[in-house]
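Questions regarding the structure given below will be posed in turn.
Each chain gets a letter, A, B, C and D, in the order it is written, and its residues are counted from 1.
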Amino acid sequence: MNQDIFQRKLQAGIVGGGPGSFIGAVHRVAAELDGQAQVVAGAMSADLQKAREAAAAWFLPRSYESYTHMAEAEAARPDPIDFVIIATPNHLHFPVAKEFLERGFHVVCDKPMTFTLDEARELVRLVERTQAVFALTHTYTGYPLVRQARELVRQGAIGEVRKVLVEYVQDWLMEPIEQRGNKQAVWRTDPARSGIAGAVGDIGTHAEHMLEYITGLRIRTLCADLTTFVAGRLLDDDANILLRLENGAKGVLTCSQIAAGEENRLTIRVYGSKAGLEWQQQEPNQLILKQQGQPQQVLRVGQPYLSEAAKNAARLPPGHPEGFYEAFANIYRGAIADVRRVKAGQQPVGGFPTVYDGLRGMAFIAKVVESSRRGAVWVEIDEE
Amino acid sequence: MNQDIFQRKLQAGIVGGGPGSFIGAVHRVAAELDGQAQVVAGAMSADLQKAREAAAAWFLPRSYESYTHMAEAEAARPDPIDFVIIATPNHLHFPVAKEFLERGFHVVCDKPMTFTLDEARELVRLVERTQAVFALTHTYTGYPLVRQARELVRQGAIGEVRKVLVEYVQDWLMEPIEQRGNKQAVWRTDPARSGIAGAVGDIGTHAEHMLEYITGLRIRTLCADLTTFVAGRLLDDDANILLRLENGAKGVLTCSQIAAGEENRLTIRVYGSKAGLEWQQQEPNQLILKQQGQPQQVLRVGQPYLSEAAKNAARLPPGHPEGFYEAFANIYRGAIADVRRVKAGQQPVGGFPTVYDGLRGMAFIAKVVESSRRGAVWVEIDEE
Amino acid sequence: MNQDIFQRKLQAGIVGGGPGSFIGAVHRVAAELDGQAQVVAGAMSADLQKAREAAAAWFLPRSYESYTHMAEAEAARPDPIDFVIIATPNHLHFPVAKEFLERGFHVVCDKPMTFTLDEARELVRLVERTQAVFALTHTYTGYPLVRQARELVRQGAIGEVRKVLVEYVQDWLMEPIEQRGNKQAVWRTDPARSGIAGAVGDIGTHAEHMLEYITGLRIRTLCADLTTFVAGRLLDDDANILLRLENGAKGVLTCSQIAAGEENRLTIRVYGSKAGLEWQQQEPNQLILKQQGQPQQVLRVGQPYLSEAAKNAARLPPGHPEGFYEAFANIYRGAIADVRRVKAGQQPVGGFPTVYDGLRGMAFIAKVVESSRRGAVWVEIDEE
Amino acid sequence: MNQDIFQRKLQAGIVGGGPGSFIGAVHRVAAELDGQAQVVAGAMSADLQKAREAAAAWFLPRSYESYTHMAEAEAARPDPIDFVIIATPNHLHFPVAKEFLERGFHVVCDKPMTFTLDEARELVRLVERTQAVFALTHTYTGYPLVRQARELVRQGAIGEVRKVLVEYVQDWLMEPIEQRGNKQAVWRTDPARSGIAGAVGDIGTHAEHMLEYITGLRIRTLCADLTTFVAGRLLDDDANILLRLENGAKGVLTCSQIAAGEENRLTIRVYGSKAGLEWQQQEPNQLILKQQGQPQQVLRVGQPYLSEAAKNAARLPPGHPEGFYEAFANIYRGAIADVRRVKAGQQPVGGFPTVYDGLRGMAFIAKVVESSRRGAVWVEIDEE
């Protein structure tokens, strides 16, 4: 088996992420942050000129005119990329992933995982068949204290989960900016590229993933009230959703892209029979643990009292803020380690969102939209 | 007309509020805080000995064995009380109010207003007939910055209301303390004294009132998921409710008395087409106003830029925290001024929660319980 | 001995506190809040008409034209006031206190205690001779969590005190408002009424008192840099002071009335060999306890884990904010209880700032001004 | 002129930063974050084995046994490094910088700049002579909102600066951990490697630099009270310092490494004649602007209303937290751009801390220590 894989940086190629993309650059920084991988190839835009310029701006040695060319050419090289990064709009996630998986590459893919639920199911089968590493970049569960929260729930620190409040609100779509040509807004609000959901797909899935990640519980049934507040928009820009979890716990998930004055407010609170937890993405370096009749405890990143999972997700001493890039890099850290392991013939370890989390997210989207279309009635998520 | 009423403190009598009551003493402090009224009579407990001791502890000149005796005796005095304070469990609100209203007294009553929706409707008719001042102590809309929030919405500062998130969570009933004899918990969880709702009646109505007070909008339909998490409890201790307002805005109201580690967290956020507002009861001296692409504004009590309504509800210079008592006293301030006006033959001015707000609250309770019992389906509030 | 004193409200008279005074009304509210005392007499202004109007606005039965008349007349009544409240500018504190003490009255006096250090020394002797109750209204040590902080230090929870940072900053004098006739500002910046210090006397003494109260340690030497930033002003409006405490701890005290944008920011942090404490007056209902390598603890008012001293200083359940009035009322609560005890022939118990704290404050002022005048050099406080 | 320099990543070498170093890895991440440079060579430890292992862990192509070897060898290569990173203990900063400067390399150096003030003066001459780019990694002025604060002061938004409060407190040296072998603590508390100051050198200089950076004003005189609280320690671990600035403003700088429970609390407040500013490193993504009688404004990273300087220092949309690495990378961003410019024969632009800031820092250290040794007296900083 190839142990050399531990003696060098991994090489990555990126699909999408060209001019106008915010997330493309995030993938590059996050992939490279720990010095364990380097982006060396790209098919960064369907527009050839733009693709070339984008690759040059990143000093990439290899720029391709399309992802199919890239997959083919890299597969033929003696020193091909080790994994591909998918940073395109949603409708391309599946075809790109399929192309690279079938040629034996590992994949890091943006969320929501696919365009449709059926694609998600097929992707699960594809990953199971190829045994490739597949990481889904649900950034927010990369934060050290989100991992701490999960550990606390696991260890029983809050008792049985009773109530969960999760919200993800933004204001960037409060005006019809897609009608004024904002590139990000154009595809996010276009059913042909985003899928059947708007805010629910873009950020609701982050909230859903975080809830299931921290609590370790599945959402069983839900009742969703979706709204499109901006006239002329084709997808939802706001959602309020009642939840019932598998253990009898209740919850609310609210997400919005028209919440005036909010930047990127993702917050979760979990109340158990013994204690409560609270975390906010915009101040990610603290986690509050509350017990009745006890002083509130403020847990902070980098401290020795944290779990191994949380300690391993931090790079700096306490009081040196780590943020979004570092959380994103934690997803990559896990994926890169597993790519190395698999290439060396070892068992993968995981510790990052997978194709199964992606399937859950797509099932969530499907059921939320179904509930809302039927009049905001209760529906069941039957997908595992 | 009697103008002497402006030359003396008003006199009040209190029903309930004896040993074990938290809210009784709050009523006394709030009624007297501005030096405009004094509690001089009481029927503070059904237990005669306790009633006498409670009255003595407050140095009340007159202690009665029952509210009916008090109403009768005070009505017969040359210097009777000017208004009665009702601080009993819910099931007595209506009979006590009726007794005093019919004898010509003004009333300050705790919430929820009555035991049943029918009583509430009757009380409305009674108040309309007697033309008495009737104030309902929804404390939280007495806070200066809640009044500021209402003014901002009224003036159009946030544009058209789109989304409202209101929550009121506590942890005091997270254990079955009613089964261990906690007096407050015993009656709060007893359908015979509290009515058909638990948490929804006790605190959900505060949240509902605040939402309608600030937005100036009615809740039209709702979908409520009520839960009783503590085994053996007879009423709900948790609720998640989807809301649709009369103007098409959407909302979520969540309340809980099993939210581990939460003290008395009442929070409201209102997002409009132009800006958002945020206020938290536990840090009541600031209100956040957020506009897309503008610095957040933190408005603080006592500052000159506030509306008259907010300025009039504060007593101290900025930076001198005012809290729960002072908010409660603001309800009394309005009620006392109106009692004086009515006694002097002037028009009442209002500015505090009335019998109509109480009716809305009772209708809300009725519909929430109906929705939940029918399987958390959408129901309409048809009561005005 | 007279046990009747426990069966009735105490009666108080007030000197000063008339129109334009902020603190006069605070004294009334605080004295009466617990229902244990009532203000019944006043000499509220040197201007007769204003005095009469002020007394009428409070419905006081007895209004006097001067404090000497009041002292004489009350002393001659069969039902005299039990104590006097001094709410005048500083230069009158001593003569008023003397007048009433010598006639056998108890005293609650605003701070700083006197006009000069010599007066303070004489007042100490007078109080010792008359054995009267003398309470100084250093409001801020009336807050429950300030009392908790003191208990934590006493119990050794933070180890040996090493470093103290205390600040009290405001902005109300950042413009020359005394030159525009602001009544409060006129006397506060007038050496003939305020004494030798401006900001240091008005708010610096609060900071000094809080530091010594919480730590239980005396300031031994100090080095003070006073500034008058506003042109034409006769007293300091800003001070930065290095401190050395009796146990070898070091500290900084900064106070300012020109700190643009600050309302009433009084903050103290105490770092010991084992833990640190932090409290802020503008969010007074929480106290932070920090230990190296442990989650921060947030202690909150009304919780069962607090010390008796802190519990006794709160009136409401957790999460119901108490503020400035309630802290002020805690000073009165202690003073009123002691007046009752002394009148009943019992030993006073204390638990509020006394004439000795007032003497410390006046010594502090004297030394700060001396240090600064001599070029910001180190000077010793030799007064006990 | 060589324009190719814009077509490739710059290459860097690092001296120091091996095992046990926290800052070494920070330099690598920060230098590489924007994809504009790559560390390719290192002399990472005096211990050869450790140096080799450290270089291998980073996959560095070239590992050297000493910095002199590295300087010599790189200078002889056809593709030498473009700049050197100095991440050693303080006593080596000067000799390493000299070695590389004299061979024509550009330098990024950790702070405090040198071991002695004399070395600092010599380094200034050396940089002036070689015309090299010299960047000093005062991380904290790399934060976007610190740059915004500077711009606001420059533009007159707060008026004339009157009062500055700056603090930097930590707890990591509250116990004698150097006596237990903590590697970081050993050299930080060793006069032979750190210089004449402990906390003042390590973190006090950050506070001093931030103060002068934001205000644009020089500290003219100071009065410093240094303390060593931990028995057996050879350098200060705490300092309280009074400041007078060149324009007549007053200030306090406090720093400590024994402040129990504090992680890395660097805070600055600047009060001007018109408004005040407040920023805290542990929540770096907001800056508070306060004006008397106006709502407080909370400015946040990534927003369009920020200055160009602040906008250019952020990489993500609002609400996506950026932290310590990103601030550090902003120093590098400026330095790398200037290295490119100089190599291309263009004028350097600056925008990062330079050798002159380093000289100010060393003069500050010298004067603080002198003041304290002479009894905490006032001394003047005469160095420009």
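Heads up, the rule we're going with is that a residue touches a chain if its C-beta (ideal position, glycine included) is under 8 Å from a C-beta of that chain, and two chains touch if they have at least 3 such contacts.
What you see is a predicted model; the values in this text were computed from it and never measured.
Undergrad: Taking shared residue numbers divided by all residue numbers at the interface, is the value for chain B and chain C over half (same) or under half (different)?
TA: same
Undergrad: Determine which of the two chain pairs, C-D or A-C, is joined by the larger number of C-beta pairs in contact.
TA: The comparison resolves to C-D.
Undergrad: Return the chain whose centre of C-alpha atoms lies at maximal distance from the corresponding centre of chain D.
TA: B
Undergrad: In whole angstrom, what separates the CA-based centres of chain A and chain C?
TA: Their C-alpha centroids are separated by 55 Å.
Undergrad: Per the centroid of Cα atoms for each chain, what is the distance between chain B and chain C, given in Å?
TA: 35
Undergrad: What whole-Å value do you get for the distance between chain C and chain D if each is reduced to the mean of its CA atoms?
TA: Result: the chain centres lie 44 Å from each other.
Undergrad: Going by the contact rule already set, what residues in chain D reach two or more other chains?
TA: 262, 289, 294, 296, 300
Undergrad: Once bound in the complex, which stretches of chain C touch chain A?
TA: 289, 293-300, 303-305
Undergrad: Going by the contact rule set out above, which residues of chain A touch chain B in the complex?
TA: Contact set of chain A toward chain B: 158-159, 162-163, 165, 167, 169, 171, 174-175, 223, 225, 227, 229, 238, 240, 242, 244, 250-252, 254, 256, 258-262, 269, 271-276, 289-292, 294, 296, 375-378.
Undergrad: So in the complex, the part of chain D that touches chain A is made up of which residues?
TA: Touch residues, chain D against chain A: 7-9, 22, 25-26, 28-29, 32-33, 35, 56, 58-59, 170, 172, 262-265, 281-285, 300, 302, 315-326.
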